[in-house]
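Structures for review follow.
In the two complexes below, chain A is the common chain; its partner is chain B in one and chain C in the other.
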Partner chain A sequence: MFFHLFIYRIKSSVRNVQLMFWTLAFPILLASFFGLAFSNLNKADAFSEIPIGVVKTGTFGADSTLQSHLDAVSSESDDPLLTITYYSTAEEAETALSDKQIKGFLVDDADGLHLHLLSNGLDETITKQFLDWYLQVSASVERIVRTNPSGAPAISGILEKNVTYITEQKTGANAPNSTLTYYYALIGMTCLYGAFMGLDQVSCVQANQSPAGARLNLAPVSKLKVFACSLCAVTLIQYLTILLLVAYLSFVLHVDFGNRIGFILLASFAGCCAGVSFGAVLGAVIKKGDGIKSGILIGSTMTMSFFAGLMQASIKYAAIKAAPFLAYINPAEWISDAFYALYYFDTYDRFFQNVALLFAFSFVMYLIVYAIMRRQQYASL
Partner chain B sequence: MRVFKACFRIIWKNLPTLAIYLAIFLFFALILSFSGASNQPEHYADKKSRIMIINEDEGGEVADGLVQFLSGECQIVTPEKEKVAQLDSLFSEDAEYILSIPSGFTDDFLSGKHSLTIGKMIVPNSTTGVQVDLLVQKYLDTFRLYAETGRVTSDDTAALETIRKNIREDLDHSTDIVWAGAAQTGSVQTAAYYFKYLSYTILSVMILGVSTIMRVFNKPDLRRRMLGSPLAATRVNLELFLGMLCYAVAVWAVMMAISLVFVGPAVADQRIVLMILNALVLTVTALSLSFLCAQFIRGPGSQHSVANVIALGTSFVSGVFVPQSLLGDTVKNVASFTPTYWYVTAVEDISTLSSFGLQNTRDIYLAMLIQMAFAAAFLVVALGLGRQKRRKSN
Partner chain C sequence: MVVEVKNLVKRYGDLIALDHLDMEVREGEVFGLLGPNGSGKTTAINCILSLLSYDKGEILVFDQPMRPTSYQIKKDIGIIMQNVAVIDELTVYENIDYFCGLYVADKKKRAPLVEEAIDFVGLNDFRKFYPKKLSGGLLRRLNIACGIAHKPRLIILDEPTVAVDPQSRNNILEGIERLNKEGATIIYTSHYMEEVEQICSRIAIMDKGRIIAQGTKDDLKNMIRIGEKITIECLTGDPNDLIDAIGELPFVASADAREKNLLVTTERGHNGLSSLVQIVHDKGIQTGRVYCELPTLNDVFLEITGKELRD
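Entry: the complex of A and B
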């Protein structure tokens, strides 16, 4: 009997086109949109040599220190920072600047150094700070020669000596990548969309909620058994849906999940249980029409996903920083954070904390459903 | 005008659903106003990276001097004690660079051994990393220059303080900037963000509204009843067209009214007037696209699916949520087959406009024309499909 009910519940859920669209097709489409839009984000943050122009007129060339300052970071150097193009007139450089071939150009005339810029950005700031350095070193050297002539002979030796002041430290298990927050929040949202299935199943066993429920209440079968079958069936469908999404993200969009596959499966399962149980509670508690239930479900899952970073990755961190309790009340946050912890940390503490919260949440939700639905009787159907 | 009135009765009944999309849009707009998108300076300003400094050598002249220097050049994030919290901050880009100065750094630095180094945690190969590295190197090289030429040791507090004072003065020297950028006012920037996000709302609300009207009028029973009525088919179609056009104009007017809140008195700026015109062109294109979509939509469920997929999909690939400059070339090529792409291109061009001659505005008008061409193409396909469907059902 159990198997029979289980199979038919699976069939009826899979044939529900709307349900399958929102729980499977929509997340995959959204993931594809993310993939298209974010494909270049990481490359944009990565450093590449800054193209600048230098106008070889005026007093340029008279001061060999400036030339050697520029040579030290040009493309041919060991530590390239700038790609320098030389122009014979300022007009040529201006054309290149407005055509966006260069980020800015330098003119060295009798009034000093002038950097022509068209926009604000990190590349422009680095260029300016590098050129400032030239003026600043000159000022320091001048001061030393003036105030401490005995130290002057050592200056060039000190300036030529390369000292390493900074060493890079390892971050987490994998490199930080804020774009991943969107994908992990998307998995959180999809898990919670399992609530549509939970909601549907509760309506199906309640006689005052659906014609199918009314018919079922007349059948000589334990309601709890039917309900348990339904929940198992939809949890399985939802789990397979999430695995499909994770596989799509991993193999097609190349989203990095780390390599702890067993734990990824566990986090997915915990998320599915939480999603389905959440929908079951909404179905049991709210006695209004389908529209209201769906509205509340979409509204609450979107709010939770928003705070998990679905619309803006920085919200996830900012929200928890501002209100730390949010980390303990938002299932979408637990799901996305479980994936984040698996990817980013060497240890499992945070991962297991999230998974435990998800299972505890599901357990409490089912207890509420059981308390509401047990011994429910109808005077008239 | 029965058909015309019926259009508005249908819209009125479905107003709560349409309001959800409006609310989502307002939500985005609100986040936007808080995210500081409007704080674009009108002239050159250093871009300040967000860095976290863990200084374990407090009291050391070199370490303290470096921290003081970086505090002026960067935006300092409150330091976290726990490593996990530091890593969280780095991942979320709250801190783009975490710099740890070890205990005893000053003594080691002044002894000339340089065995202790400053630790950094960054997103590998990030531009911020290069910038902060440059700043640190600049400060410490200058400090080393003064300390080694003056043979200063860590006990010589007075000399170290003088060095810090000298470096502060030296580092005040800066290159003269000749600014050739367009004078972008904050309100034009805010308006540009608002108008870009607007395409998502206009598309969703138009597809939902038009398909709701068409779904009612496409019901076979109703259509047959109308064919039997004394009202000429041309008149019915004309009223239907007028109804939907009025709906489109109403949607556009509501959005423009909301824009007043975000843009304020700058609405009279010629650039913003162009953005408003561009939005009207998109609304007409969205009307035509919605009419085409309505040919495929059967139930209320599929309405939401189609509206979401089209509005979100085109917004993502066309540069609404992520700036067009950050999109890959392939994505941009694909996106150029959607009207949203041309709408966003026009908004971006308008926001950087400095003069309004035909030379500068040509591309903007061209983008609007392309949108209109899309509108015409959608309408032709929709009418063709509609005729074919009617023939089949007759």
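Entry: the complex of A and C
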């Protein structure tokens, strides 16, 4: 009997165009859209050395401190910030700037050190920050030496001392990637779209929700048994759709999930259980038409995905900061955070916390469904 | 007794849907449950099947109390619902196999039953079709096949011909008669009196949650005062001139004129057609068509309740 029900439920679910669109086609379309939109985002985030010019006038060589600072951040250093080209006249540097060979140039004339920039941008801001920092520090040192010469030996020690007020969390070897939040939230959304499957199964076994459900209630078999078989079937389908999505993200869009495949499968399964059970509860609790139920389902899952960072990654952090409670009741956040933790951290505490929350959520949802569906007769149909 | 309903009461808030309903269905009969929409037919069926809870009463099926978990009893029941109850994503064959599989777990035993059901409803050419590709009539046939494939002893058909074309309706009615001949007991609910008259061996007429009359169709027609309805077409003269004279005849229950027609209802057990024609001729009126109609179940319902069955 189990096999009979299981196979037919798989057949009917896989052939349900609406169901397969929302659970498989839509996430893959969205993922492809993300792929197109984010293709250059990481390249833009990648830092490359900033080409600047330095005009070597007669006074420039006199300031050996500036030269040594420039050397410290130029291409010859271990951690280069700037690529420096030296010019003998300001006119040559001006020409290079207008030809966009350099982002700006430094000139040390009678009025002091000046930075000439062509436009505003990230590189220009960094260059200006560097120069401001140098001027500020050199002015401070000059003032201290002038007003308190005895304190001069301590200056270098103070300046070199780097005080941090942040505790460092040890991360794994994977490189930071700002687009991962979107993809992980997308997986969260897709897992929750398993709710369509759960919703459909409740409708198929409840006599007051569909004629086929009524026929099933008249058969010599417990509807809870039929429902359990159906849930096994649709959870398997939903799990396979998630694995397809993860495979598509990984192999086609080259989204990095790290290399802990067993844990990725576990997180996907926990997410599927949460999604299917959520839909089952909606189906059992809401006594309205299919359209209204689908609307509520899409609305609620999209809201959860929104707060998990699907539309804008910063929303995820803003929501956690403004209302930490939200993160603790949002299954989409648990799913995306499980993948996030798996990718970034060497330890598993955070990952297992999220997976445990997902299984606990599923268990509670199924308890509610059981409490509603164990009733054998209906007051009205 | 196949089904025995005693003193069944079902309320929806203040509305009494079934009002102390008593009903018996005997082995091998086609039992018709006739009544206007909202009379309680479907509610009665759903209570018998233990799908609906009820406030009071007792229901026995195959002489055993019917409960939601009476799976042994349910194995012998087939239900064809008013609404088509199939799964859109399964083909004709798969639908029948799926529902039959809820009753017959063994695939080898099930396969010939499914084939037989497909043959029975004439869906051989459509076995790989999805329900959405079927016409309304074919869909109803599929609905029937899903309900009877497991060869139940009791088949309940709840208005199976609603919104079905006349040809498909005849096919369905013929099918029901065949099922009965093969040994199944049938409960057939409808608000179409012609269907019930055609196939049912015993009929219960329901109104406002109660059975107001039951018996064979002859029993029911014998319950009422009126006999035949005679129509005489008057080619010359005014039929209104005849009403007083005809109304004085002892066997006439009522007389009326409508355009060129004289409409006379006689009392049960009397005909008097020759007397009526004689009176018409005596008045010098030339007659055209003359015909008699036996009373229908609608007349029975009209006389008992004072309203038409189709109201």
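One rule holds for everything that comes next: the second predicted complex is superposed on the first by the 258 of 381 C-alpha atoms of A that agree within 3 Å, B and C clash if a C-alpha of one lies under 4 Å from a C-alpha of the other, contacts with A are read in each partner's own complex, and residues count from 1 in each chain.
Note that in this section a contact is a pair of C-beta atoms (placed from the backbone, for glycine too) under 8 Å apart; a residue touches a chain by one contact, two chains touch by 3 or more.
Only a predicted model underlies this, so the values are computations on that prediction, with no experimental measurement involved.
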Partner chain in contact with A:Met311 - chain B first, chain C second, else both or neither: first
First (chain B), second (chain C), both or neither touched by A:Leu117: first
Which partner, chain B or chain C, touches more chain A residues: B
Partner chain(s) touched by A:Trp133 [first = chain B, second = chain C, both, neither]: first
First (chain B), second (chain C), both or neither touched by A:Ser277: neither
Touching partner for A:Pro211 - first (chain B), second (chain C), both, neither: second
Touching partner for A:Thr301 - first (chain B), second (chain C), both, neither: neither
Residues of chain A at both interfaces, chain B in one complex, chain C in the other: none
Complex contact set, residues of chain A against chain B: 17-18, 21-22, 26, 29-30, 33-34, 36-41, 44-47, 81, 94, 97-98, 107, 111-126, 128-133, 135-141, 143-144, 148, 151-152, 154-155, 158-159, 163-169, 171-172, 175-178, 181, 295, 311-318, 321, 340, 344-345, 350
Contacting residues of chain A [partner chain C, same complex]: 1, 4-5, 8, 11-13, 15-16, 204, 207, 210-212, 214-222, 226, 376-381
Touching residues (chain side chain C, partner chain A) in the complex: 12, 46, 49-53, 68-69, 71-72, 74-75, 77, 79, 81, 83-87, 89-90, 94, 98-99, 101-103, 105, 107, 146-147
Residue ranges of chain B touching chain A (in the complex, touch as defined): 20, 28, 31, 35, 40-41, 44-47, 49, 73, 84, 87-94, 100, 114, 117-131, 133-138, 140-142, 144-146, 148-151, 166-167, 169-171, 173-181, 301-302, 305, 308-309, 312-313, 316-317, 321-322, 326-328, 331, 334
